[in-house]
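Chains here go by letter, A, B, C, D, E, F, G and H, matching the order in which they are written, and residues are numbered from 1 within each.
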Amino acid sequence: MKKMSPRTRVLTGAVTLAAVGAATFGAVSATAAAPASSGKGAPAAAPAAASGKDTRQVDRLTTAAATKAAEAALNAANRAGQHVTVAVVDRDGNTVVTLRGDGAGPQSYESAERKAYTAVSWNAPTSELAKRLEQAPQLKDIPDTLFLAGAVPVTAKGGPIAAVGVAGAPSGDQDEQFARAGAATLDR
Amino acid sequence: MKKMSPRTRVLTGAVTLAAVGAATFGAVSATAAAPASSGKGAPAAAPAAASGKDTRQVDRLTTAAATKAAEAALNAANRAGQHVTVAVVDRDGNTVVTLRGDGAGPQSYESAERKAYTAVSWNAPTSELAKRLEQAPQLKDIPDTLFLAGAVPVTAKGGPIAAVGVAGAPSGDQDEQFARAGAATLDR
Amino acid sequence: MKKMSPRTRVLTGAVTLAAVGAATFGAVSATAAAPASSGKGAPAAAPAAASGKDTRQVDRLTTAAATKAAEAALNAANRAGQHVTVAVVDRDGNTVVTLRGDGAGPQSYESAERKAYTAVSWNAPTSELAKRLEQAPQLKDIPDTLFLAGAVPVTAKGGPIAAVGVAGAPSGDQDEQFARAGAATLDR
Amino acid sequence: MKKMSPRTRVLTGAVTLAAVGAATFGAVSATAAAPASSGKGAPAAAPAAASGKDTRQVDRLTTAAATKAAEAALNAANRAGQHVTVAVVDRDGNTVVTLRGDGAGPQSYESAERKAYTAVSWNAPTSELAKRLEQAPQLKDIPDTLFLAGAVPVTAKGGPIAAVGVAGAPSGDQDEQFARAGAATLDR
Amino acid sequence: MKKMSPRTRVLTGAVTLAAVGAATFGAVSATAAAPASSGKGAPAAAPAAASGKDTRQVDRLTTAAATKAAEAALNAANRAGQHVTVAVVDRDGNTVVTLRGDGAGPQSYESAERKAYTAVSWNAPTSELAKRLEQAPQLKDIPDTLFLAGAVPVTAKGGPIAAVGVAGAPSGDQDEQFARAGAATLDR
Amino acid sequence: MKKMSPRTRVLTGAVTLAAVGAATFGAVSATAAAPASSGKGAPAAAPAAASGKDTRQVDRLTTAAATKAAEAALNAANRAGQHVTVAVVDRDGNTVVTLRGDGAGPQSYESAERKAYTAVSWNAPTSELAKRLEQAPQLKDIPDTLFLAGAVPVTAKGGPIAAVGVAGAPSGDQDEQFARAGAATLDR
Amino acid sequence: MKKMSPRTRVLTGAVTLAAVGAATFGAVSATAAAPASSGKGAPAAAPAAASGKDTRQVDRLTTAAATKAAEAALNAANRAGQHVTVAVVDRDGNTVVTLRGDGAGPQSYESAERKAYTAVSWNAPTSELAKRLEQAPQLKDIPDTLFLAGAVPVTAKGGPIAAVGVAGAPSGDQDEQFARAGAATLDR
Amino acid sequence: MKKMSPRTRVLTGAVTLAAVGAATFGAVSATAAAPASSGKGAPAAAPAAASGKDTRQVDRLTTAAATKAAEAALNAANRAGQHVTVAVVDRDGNTVVTLRGDGAGPQSYESAERKAYTAVSWNAPTSELAKRLEQAPQLKDIPDTLFLAGAVPVTAKGGPIAAVGVAGAPSGDQDEQFARAGAATLDR
C-alpha cells in the first residue's frame, strides 16, 4: 500500500472536519478516524508518520473469523443443551466478540472473558494453566485472570493471537470442549 | 411446560453433583445450573419454587436475534467503509452481543455499550436523548450512560427490551444509521 | 396486550417529549420510558419492534414478592436476635430488594448481595456451593461471588429466577435458615 | 442498658467461638458479632470500651421505618403508572433499603441511590440542589452525587438522618413527589 | 434539645440559600448543611421530620477521641522505631481518622483501614479473626476486609462502635500492640 | 548518616526473617521493612543501593506537622460551628492525615481529599483553580480532582510539598478559610 | 517465518511444562508464553492455528521506538524547564511506555495517558479534538478520554498506530510541543 | 537554594496566570505548577511555606536513573529471548517508568507494576516475599500486591526508595534476574 504524504493526509482531515462542523448538535461521533488540520498552515500539525524501522507487524484475528468461532462454540453448547457465554479476545486481551447465550447465568459473562484472557496470556488452555497453580498459586492473583477450564488459545506463526473462552456448562471440561469447537473453525 | 416437583429437582441435582464430584482437579465449571441436594435428606434443602402469583413474564431478545442485528449493523458500517464496534444490550442493560470491527478505535467498544445502555434506559434513540440535555444536563452524570447519537431501542409490546449501539464512524448520525440497519432486521 | 403500531408509538412519544420540553430546569427525569419522535417525519425514527420469533419469555419475581421474602427473612433474624442484611437478586444477578437490618455490620450488605448472586448463578444454596470449592477452588475467583453459606435460590419451572441472601448472624448456617424462611413465603 | 464488664464479654466471646469451632466446613458466617477471647488470659485481649465522654449519640432511621417509607414511595409511583426504583440512605450515605420496582429501567437503581445520597449530604431536596449548580457547577463532580430532582431528606432534631430517593418517572418532579409521599409516612 | 418546627427550618434554609446566591462564582460549597426552601410556598418543601418511634440511637466515637487514640497508637509505634499507618473507623466502616506515619510503606495505608474495617465488622481483634479462616477461608473474600493481625475493636454498651487499625511493623502482633495502645486511651 | 554495606544489610535481613519465621500463624505483618536474604549466599540477593548521582532529594511534610495543620483547620471549623472533614495530602497526592469531624456529611470526606489533591497538583488554592475552568473546562475531567474552593497548597523552597483541603461548610470560601488556618500553623 | 505444525508446538509445550514443573515454589512465572500439552495424547489439546484468511496484519510501534519518542519528549520539556509525564500508547490504547519526569505533579501521570488515548482514538492532536467539544460536548464523557491539548497521534500507512501524550507544563500548548518533539523522532 | 519569599512567589504566580488567561481555548494545561494570586491583594492568598522543622527529606530515584534501570532490564530479557514488561516504582508505590516489551502478554503490564509495588513495600525481592505467605497467607490480600518472583528493591541509606519489577518470562526466577540486571545499573 502506498503511504500517503503528510500533506495529503492533512487535506483529507480538513475536509472531514468541515463535514463534522456542519453536523447538527449532538450528532458528532465519538469515533471519527480522520486526522484534523491544525488550522495554522499544515505540516507542523500533521500526525507523525512512523518509518518502517520503527514498526513491527502483528497478526490479528479478523472480526469475521472471531464471530465465526464464537458462533460455533455457542452452537456446540446449544446442541449439548448447555447455557453458556462465549468470548473471543485478541492478543492484548481486548474483547473482540461476546455472545451471551439464552439463559446463561450472570457469572458466565465475565468468566468467559477472563478465561479467554488467561488462555491468551500464557498461550495454553486454561485446563492446563489451572494445574500450574499447584506450583505457583499466586498466579491467580494477577488481575483479570481466571484459572478455570474453558478457554483455548488461537495461534498464528506459533504465537498466540487470540483465545476463545466459554463459561456456563456444569463442568469446565465441557466449557473447554465448546471453546475448542469454536477455535477449530479457524484451523482450516 | 410441566413444573417439576421439588423432590424431582433434588434428585436431578444429586446426580449432577455426583458427576461434578468425579471431575478431575480444575475441571469443575463456574457455571453448573443444576440444583444440588443438601445431603441431609431432601425437601428442606430444595430451592424454593415461586408460585405464579409471585412472578411476571418479561420479553427478551434471543441471542440469535441479537447476533443477527449486530452483524447487520456491522455489515452496514463495513459497506460504508467505517470501522465501528456494535453492542446489543438487554432491558436490564446487560450486554448480550458485542462485535468489535476490524480497525475500530479503542474508545468505540465502551462507547457502543454505553450508547445502547442509554437508549434502552429511556426507550429512545440517543440522538433524541442528547437533546434532552438542554433541559436537564445532569442526566449525563448517571453512571454508564452516554448521550451521543448512535443507538436505537428495540421494543416488544410497546416497551423496550433491548438496544443496538454503534460507535466509530466520523459522525454519530452515521453510527445511528448503522444501528438502525441492525435493529431493522428484527422488525419483520 | 395489544401491540401498538410504530406510528402510534411515535405519536405518543411526541406528546411526551412536548411535556418534557415544558418542564422547568432540573426537573426532567433520568427515567422517562416513552419513545421520542425523531422530529424529521416519523417511521424512520421509531424504535424497532421485535417480532415474536426473535424474543423469548423469562420469569421474574415481582418486586412485591421479593419484598415479602426479604421482610420474612429479616423478621426471622430479628426473632433470633440477629442483626443481618437481606438481599434479593434476580436471575441476572441484579439486586431487586435490600434491607439492612438495625445494627447489622458494614460487611453484611455486600456479603448478602454476593451470596445471593452466587446462589442464583449456580442454582444452589451457597452452603452447597461452598463444598464445590474442594474440587475447584478457583470458582471463588469469579467476580461478585461469595462462597459462604447464607443464600438460597428461588426457581420457576425448574430454573433459577432469583435468590435470597442473608449475612450477619454468627454462623452462615443461621444466615441460610433466615434466607430459607424468606424464600419459603414464595413456595405457596 | 447495663454495660457489660470486659471480662463478661470475653467469656461470651469464648462460648461463641467454641460454637463456631464446631461448625461444619463452609458454615462459619461472615458476620459473627460476638467478641472473641485472645486465648492468652483475658483482660488484655478485651476490646476497649469507650467511656461516655468519648462518644456522642446519633439518630438513625429504623429499618422498619425506612422500609415503610420506601414502600409508600413505590406505591405512589405504581398508582401513577410509573416504573421506578426507590432507595433510602442513612446520614452517612449508606443504603438502608432499596426496592427496584417491576419494569424500572436499569439506570433507575443507581440514580435513586445517588439522588438520596445527594439529598442527605446537603439536607435539601435534589430539586433545590440542582439549582445550586448555577452558582457552583463543580458540585456535581463530587463522587456518588446526582443533582437531579427526585430525593428528599428526612430529619430528626433539625439535622438530616436519612433521605428517600426515587428514579424512573418521566420527570424528576414526579420522582420527587413519590419520594415525598414516602417520607411523609415518617412525619407523624 | 428542642426540636425545630418544619417552618422554622424552612426559614433558616431560605436565609442560607440567599447567602449562597450572593456568593461569587466557584465559591459555593459542596457541603452546605442547611435545608433549602422550595420557593413555592413552604411546608410542602420542608424535609420530613422523623418521629421518635421511627428512629433509634447509636453511639459514635467523637472525632476528638478517635484522634487521641490514633495519635497514641502512632506514638507507640514511633517509640518502638516502627513506621506505620493508623486508621480509626466507625461502626459502619467509614474512616474517621488516618495518620500515615513518616516513612510508612505504601501498602500500610489501605492495610490499616481494612484491618480496622474487619475488626469492627466482627467485633474482635484481627489476630483472633485470622484464626477463623481455618474454619471458613472464604471469609477473607468479603470486600474491604483484611484478616491480618493489627486491629482491635472499640465498644460501647457491649457493642462495637469503632476500631483502631495499624499496619507497617515487621509483625502483625506488633501492629496490634500499637492499636491496643491507641484504644486503651479510650478505656478510662 | 552512614550508608550500610550491602552485606551488612543482608545479615540484618536474615535476622529479621528468622524472627518472622518464628511468628505464630496469622501474626506475620503486612509491613515488615527489613530486607531479606536470598538464602543462596548473599551479595546477589542484596537490594541494589542507588548511588548519589541516581537520586534526588524531596521535602515532605512530617506527619506531626500535617496532624497539627489538620487539627488547626478542624478547630477553626468547630469554632465557626461548621461540620467538616479535613485532609492533608503530600506532593504525590497521597493522603497523609484525614479527620472527619463530628457530624460532617458523607460527601465531605472524598471532597476534602480531592480538593487537597487539586491544590497540590497545580500549587494554587482551589478557589483560584476554579477560575481556570473558564479557560479550560476540561481540566475538571482529570481523575481525582475537584475544582471547588476549600484547599490551599503548602510549599517548601518555592515548590508545593503538600496541601490542606476542607469540605463541609455552607460555602467553599469558608472551607478555604479553615484550610488556610490549618496551613498557617506551618508558616512559622 | 515457517509455521510450526500443531504437533511440533505441542511437543515444545510439553518440554516447557516439564521445566516449569521442576521449578521451586514461588518461582513459576505469571507469564510463560509456551503452549502446554493436554497430557491426553496430543492433537486435540493443541491450540488452534488460524489460517491466513482469518487474520489481518496491523502495524505496531516497536518498544524501542516508543522509548525513543518518550525520551525525546521528556528532554524537550526538561530543556524548557518544565516538569512533565510522558506516555506512549498503541492503537488499542494500551500504554507502551511511561516516563514520569522528576518533580511532575501527581495529576500528570494519568493525564498524559488519557491525552494519548484520546489522540490515538480519533487520530488527531488533542488540541484539535478539544475544539470538537463545541459541537458535541458529550464526547468528553467517553471513559478514559481527556480533551486537553498535549497529545499527537503517530501514523503508519495513513492510519493511527500510536500516540504520544504529555502533561505537566503550564499550558497544554506547551505540552503538545513536547509531544510533537517526541513524535518527530519517528518521522525519519 | 534560596527560599523565595511568599510575596515573590505571588508575583510570579500573577504573571503566569496572565499568560494563562491569554491562551486560546482548550490550550490551558492541566498541569501548571506556578502559584496563582488571589486577586484580592496578596499575602493572604499565598501558599503557606512550611518551615524546616515541619519537613523531612526523602531520597528519590531520578527519572533518568529509573529509565536506565528499566532499559537494562528489558535488554537483559531481550538477550534471553523473552518478552516482558518492566516497571519501576518509587517508595510510595507510584509508577515512574514502564516499558512494555515487544510481544509481551497483556497480563505482564500490571504484573510488573504489582511485583515492584510489593518489593518496595517490604524492601525485599518478591522471590523472598513469596515465601512469607507460608506464615501469613493473607498478606497477598493486600490491595495492589503480587507475591510472585520478579522484582527487587532499590535502596538508599539503607531504606527502600524504589523497586524494579519484571513479568513475562516463563519463570519468575528469570523475571527476577532481569530485574536484578536493571537494578545493578544503579549500584555503581
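Keep this in mind: a residue touches a chain if its C-beta (ideal position, glycine included) is under 8 Å from a C-beta of that chain, and two chains touch if they have at least 3 such contacts.
On a predicted model such as this, the values are computed, not experimentally measured, just so you know.
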## Note on the structure
Rounded to a multiple of 5 degrees, the Cα superposition angle from subunit B to subunit C is 180
### Query
Same or different: at the subunit D/subunit E interface, is the fraction of residue numbers used by both copies above or below half?
same
### Query
Whole-Å distance, subunit C centre to subunit G centre, using C-alpha means?
39
### Message
Please tell me the distance, in whole Å, between the geometric centres of subunit B and subunit F computed from their C-alpha atoms.
### Response
43
### Summary
Expressed in whole Å, how far the mean CA point of subunit C lies from that of subunit E is 30
## Note on the structure
Check: subunit E positions touching at least 2 other chains come out as 20, 23, 25-34, 56, 60, 62, 92, 94, 102, 105-108, 111, 121-122, 127, 130, 133, 136, 138-139, 142, 146-148, 159-160, 172
### Query
Of all possible chain pairs, which ones touch?
A-B, A-C, A-G, A-H, B-C, B-D, B-G, C-D, C-E, D-E, D-F, E-F, E-H, F-G, F-H, G-H
### Interface residues, subunit B side, partner subunit A - complex
16, 19-20, 23-34, 60, 62-63, 67, 71, 74, 83-84, 94-102, 104-109, 111, 127, 130-131, 146-150, 167-175
### Query
Where on subunit D does subunit E make contact in their complex?
1, 3-4, 9, 13, 17, 20-21, 23, 25-39, 44-45, 47-51, 53-62, 64-65, 68, 92, 94, 121-125, 127-129, 132, 135-136, 138-139, 142, 152-162, 164, 180, 183-184, 186-188
### Summary
As the complex stands, subunit B meets subunit G at residues 102-103, 105-108, 110-111, 114, 130, 133, 140, 146-148, 172
### Task
Report the residues of subunit E in contact with subunit C in the complex, numbered from low to high.
56, 91-93, 117-118, 120-122, 136, 138-139, 141-145, 159-160
